[in-house]
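Presented sequentially are two complexes of chain A, the first with chain B as partner and the second with chain C.
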Partner chain A sequence: MKNKLKVLRAMRDWSQADLAERLDVSRQAVNAIETGKHDPSLPLAFRIARLFEMPIEEVFDDTDQ
Partner chain B sequence: MNTTRKHYRYYDTLIDIAFWSFLIQSIIPWLRLLGLTDSQLHGVWSTVSMSLFIGTWLLIEFLILAGFMRDEYAQGLWQRAGAKIVKLLTTALPLIFLAAVIFQDQIVDWLRTQAPDAIPSDVGTPQEAAILAHASGALKVIFYTAVYLPFVFICLYKWQRWRDA
Partner chain C sequence: MTPTNDTPKWSDAWPVRLAIILALGVALIFSIGVVVGFFGSHSGTRVSPGDILVGAPVVLFAALICWLLIVQIRRLVGMDRRKTGPRTRMAKTLWTFSLALGAVIGAGLVLTSKEKSGSGFDATFRTLLSESAIPSGIAIALLLALAITALITVVYYRNIDEHERAAQGFASTLAINVYILVTLAWWTAAKGGLARPYDAAAAFVLTVFVWFAGWLWQKYR
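Up next, the complex of A and B:
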């Protein structure tokens, strides 16, 4: 699933480790989500959307699924 | 900072430690075989190698069971590695069993000549010898599976993580 995590993170000048800390996951998890290797669970996807104060569908795009 | 967050960090670090420790302890016997270690140090190397082996095995057993240390991505890697282990076992074990049945006579003959201690000389019939060989073989398969499967698991886990990165 495509997502804007990397862009959103860069806009805030956060490293993967910073974002991982805020989301309460490992840095590897953030990297895997950013590269599309891991689709986050629904609770984590909501946490991400809430953190960036955006609707979940603006962060994640499942149109190619 | 809550404690679960720390656990996630430690899990990946411990996985790396277990993996490299396994590699190092695997190399030591090869160094000895190749004569690259001082013969006077063989005892030391054996102790180091065995300590590393047991320590790493215990660490991996803990990491496999420690679900509380995994975040959802690590849990996903754990499940993917586990799925591969299941596939490996469901194909490899029946194949080993089939090979043992097909080559029963050859195995018994080989054990009699190459590993005479495996079959006591006072075993009566060839059938009894075959049963003993099978029982001994089955125990060895169980032993080596129990000892090495955790290492296979950690290699598969690392492989999946490396591929994702």
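Up next, the complex of A and C:
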């Protein structure tokens, strides 16, 4: 699943570790989500969307599924 | 009270960090001893595939211990300012503890074995995985340490994030499949006179190695 995590993070000048701390996950988890190697669960996807104050479908894009 | 990132954690206290570093130091000395013993015993002789099969996990383990030691020392002296969430920090601390405890248990099993299989790398491992007796008191102490490790594991699994859980799930599935296949294949080959009798310790080491390799790949790829 594609996502805008890297862009949204860069806009806020957050490192992967910064975002990981805010989501209380490991930095490797953030990296895996950003690179599409791990699709987050619904609860984590909602936490991410809430953190960036955006609707979930604006952060994640499943059109290629 | 719900802990926040600003709440000091028990695991951040310097005595705890110092204890972790000391435990990792013991594990590192043990690992280096094993690796040095290996090269000492094999200098000028040919290293067999069996040595590599048993040796690779220990070299990986020693490297991991070195890395953890550096991370913990950097945190203790304040060089590492990287922040982590409370659950992630808890999971990492517990992981480090259980690894150090596992190394201490392993060292205890080797050092207190009544019948040593000789010196050197493969001999140390033969001692570790052999049926060689150890004193009852030591066995009780090691079993207690193992029970503590089991408790830590339960708390650890309650604190890992979903990416780590996925990596563990992948590694566990891979390891159990390899274990079943290797065991059945070895038994069959042994029955047909094509291989030596099934060695549970070797299958155990192989399974742990496959689990570790699978976890590393899934976690850091």
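The working rule: the second predicted complex is superposed on the first by the 65 of 65 C-alpha atoms of A that agree within 3 Å, B and C clash if a C-alpha of one lies under 4 Å from a C-alpha of the other, contacts with A are read in each partner's own complex, and residues count from 1 in each chain.
Here is the rule we use: a contact is a pair of C-beta atoms (placed from the backbone, for glycine too) under 8 Å apart; a residue touches a chain by one contact, two chains touch by 3 or more.
None of the values given here were measured: they were computed from a predicted structure.
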* Once the shared chain is lined up, is A:E21 touching chain B (first), chain C (second), both, or neither of them? -> both
* So, A:A29: does it touch chain B (first), chain C (second), both, or neither? -> both
* Is A:P40 touching the first partner chain B, the second partner chain C, both, or neither of them? -> both
* Asked: Is there a shared patch on chain A that both chain B and chain C touch, and which residues make it up?
  -> 20-21, 24-26, 28-29, 32-33, 37-38, 40-41, 44
* Structure fact -> Within their complex, chain C touches chain A through residues 5, 82-88, 161-164, 166, 219-221
* Structure fact -> Touching chain B in the complex, chain A uses residues 20-21, 24-26, 28-29, 31-33, 35, 37-38, 40-41, 44
* **Touching residues on chain B, where the partner in the complex is chain A** => 2, 4-5, 8-9, 11-12, 71-74, 76, 161, 164-165
* **Residues of chain A that touch chain C when the two form their complex** => 17-18, 20-26, 28-29, 32-33, 37-38, 40-41, 44
